[in-house]
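The block underneath contains the structure these notes are about, expressed in C-alpha cells.
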C-alpha cells in the first residue's frame, strides 16, 4: 500500500509545529517542539524515499521527466536545508506543495495502471 | 560526515548473507538470514537516500545527469525488486557495482569542492 | 496532526500481504511477507495507541462509552491474537472495519471541536 | 513475558531526569535531559500499551472496570499532557502511582490464572 | 535508572519463545517466533551493553576483574553465537545465569555506593 | 561484515558537530546539533558494542588483554561521560584515537585469521 497521504500527514505536522514555535519563546517548549519536528520531518523524507524507490518504476520516470528532481527537492525541503534545519513556515508550505505535485503524478500513474 | 563506505559495508553484508543462504537449507537458519538480509538491505537504502537528499546538490545533478537514475537503480537493487526480495547473488554484485559508481562521483565532487 | 488514515493505510498493507501469502508456498517468500506483515501490523497498533492516548480526551470517552473497547479490540486485531499471529483475511477485514468505526468517531469529534 | 516493572523502571528514569532538570539551568544540559526524558517517557507509554493490548483480556476488563481509564490516564501522564510535555515532578509521581495500580491488577490476574 | 531486571525480563521472553518453538513445527508460527526471539535477544544485548558502558565504572572493573568477561559472555549468549543463532534452551538458561551473576555484582556496587 | 570504519565515520560526525557548536550560539541551532550529536554518538556506541560482542572472540581477548578496557573506554567516550554529555572537542579526539587503536587490533586479527 503506497499512499502519498503518509508523507502529507507528517508534513502537516511539521507545519503545525513551526506555527506553534513562532508564538512561543519558552526554551523547554522549543526543545521539545524542535525534537518532534525533527522526527516528523524524518518521516516525511522516509515516506517520499519509499515512493521514489519502491513505487515509481522506470516508465514513470520516462513519462514524468521532472519526477526525480521533484522528489529530490521535496526531500531536501523536509531535510536539513528545509524544515529540519529551520522553523521557516514558507519551507513547510513549499514542502506541502511539492508533496501535492508528487501525489498528482502518483494518482495519475495509479489510474493508468 | 557523508561516506559511501556506509552503504558499501552494509551491501557487502547483504552479499555475504546471500552466499550463506545458498549452501544452507535449514529453515530456521534461513529465517534468521533472511531477516538480517532485510535489515542490512534497508540500511543500504537508507545510506544511499541520505547521500541523494543531503549530500548531493543541484550542481552535482547537473554535472552528472545519470546520478538520479544511478541512485534510484541502486536503491531498487537494495529493495524489494532486488536483494531484499530475492537471494540473488547477481543482484548483490550489481548493487555493489552501482554503489562503486556512486562513490566515484561522490569522491570527484569532494575533490572539486 | 492526528489522522486515522495512518492506521488504515498500514492495515490495508497487512491485508494485501495476507492475500499474497494465500497464493504462495515459497518458504523464502513467506518469511519476507510475514516479516513485513509484522512490521505493518506493529505500525497499525502504534497509530491506534497514539490516537487513544494523545488525541482522545476524557469528554470523548464519556460521549462514546464504547471507545475504549473499540480501540482495544482494534489493536488486538492488529496484534498477536489477530493479523500478527495469523494470516487470516477475516481478521484483516475486521481490523479495517474497527478502524473505520474509530475514524467515524474521530471525525465526529473533530466537527464538534 | 509481560512485566509492569518495564514501565516502572522507565518512569523512574523520567522522574530522575525531572529532578536533575530542577537544579540545572545550563541550556545544553537541559536539551540533552529533555531529549532523554522524551525517549524514556515514550518507552513508558509503549510498555503500558503492550500490557493493555497484549496482556489484558476481555475478562480482565470486566473484572476491573476502571482498567481502561487507568491505563489511558497513565499513558497520558507519560505523554504530551504529562511528563513529556512538562518537567513537573508531581506528574512523574502520579505516573508512578498509576503504574503501581496497574501492577497491582496485573499481579492479581496472574495469581488468578 | 539502571536495573538488570530489564535484561532479565527480555531474556525470560527469549527462553519462553524457545520453549514454544520446541513444540511447534508450523512454518509460519516458527517464522514469527524466530523474529520475536531476534528482537528480544537484541534487547537483552542492548540492556547489558548499557550497564557495561554507562553504569559500571573503572573501580567496579578493578574490584570485579571477571566483570568484562562476564558481560561479554552474556552478550554472546544473547547474540548470534547464542540464543539469537539457535533455539537452544540450554543457551537461554546459561544467559539467565550470567545475567543473575551480573545482577549480583550490580546490587553489591549499589549497596557500596 | 564487521568494519571499524562504521564507528569511525559516526565519530567523525560527532566531532564535526562539536566544531559547529563552538561557533554558534543560536539556541535552535544548538538544539538540533545536540540532538544529532546524541544520535551519532549512540551509533558509535552501537557499532563498537557489536564488534566487542559479535566480532571479537575469546582468543582475541587473550592476545590483547587491553581490549576489554579499550572498548569500554571508547564507548564511555561516546556516551554520557564523553561526547554525548558534553561538546568537548578533546573528548571527540580521544574517541577517534581509541577507535583507531581498536581498528588496529581488528585488522591484525583479520590478517591472522
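All chains are identified by letter, namely A, B, C, D, E and F, in their written order; residue positions are counted from 1 within each chain.
Just so we're on the same page, a residue touches a chain if its C-beta (ideal position, glycine included) is under 8 Å from a C-beta of that chain, and two chains touch if they have at least 3 such contacts.
Owing to the predicted nature of the structure, the values given are computational and were not obtained by experimental measurement.
J.: Go ahead and align chain B to its copy chain C using Cα positions, then give the rotation in degrees, nearest 5.
T.: Best-fit rotation on C-alpha atoms: 120 degrees.
J.: Count the residue numbers both chain E and chain F use at their shared interface, divide by all numbers used there, and answer same if that is over half, different if under half.
T.: same
J.: Taking each chain's centre as the mean of its C-alpha atoms, which one ends up farthest from the centre of chain B?
T.: Chain centre farthest from chain B's centre: D.
J.: Calculate how many whole Å lie between the centre of chain A and the centre of chain D, each centre taken as the average of the chain's C-alpha atoms.
T.: Comparing mean C-alpha positions, chain D is 32 Å from chain A.
J.: Calculate how many whole Å lie between the centre of chain A and the centre of chain C, each centre taken as the average of the chain's C-alpha atoms.
T.: Roughly 24 Å separates the two chain centres.
J.: I'd like to verify one number: the distance from the centre of chain C to the centre of chain F, where each centre is the average of its C-alpha atoms, in whole angstrom.
T.: The separation of the two C-alpha centroids amounts to 40 Å.
J.: Tell me, which residues of chain B touch at least two other chains?
T.: 27, 31, 35, in rising order.
J.: Between the chains shown, work out who touches whom and classify the graph as line, ring, star, complete or other.
T.: other
J.: Give every touching pair of chains, nothing left out.
T.: Listed in label order, the chain pairs in contact are A-B, A-C, A-D, A-F, B-C, B-E, B-F, C-D, C-E, D-E, D-F, E-F.
J.: Considering only the defined contacts, which chain B positions touch chain E in the complex?
T.: That would be residues 27-28, 31-32, 35 of chain B.
J.: State the interface residues of chain E toward chain F in the complex, per the touch definition above.
T.: Of all residues in chain E, those touching chain F are 45, 49, 52-54, 61, 68-69, 72, 75-76, 79-81.
J.: Along chain B, where are the residues that touch chain F in the complex?
T.: Touching chain F from chain B are residues 1, 3, 5-6, 9-10, 12-13, 16.
J.: Can you name the residues of chain A that touch chain F in the complex?
T.: Those in contact with chain F are residues 27, 30-31, 34-35, 38, 84-85, 87.
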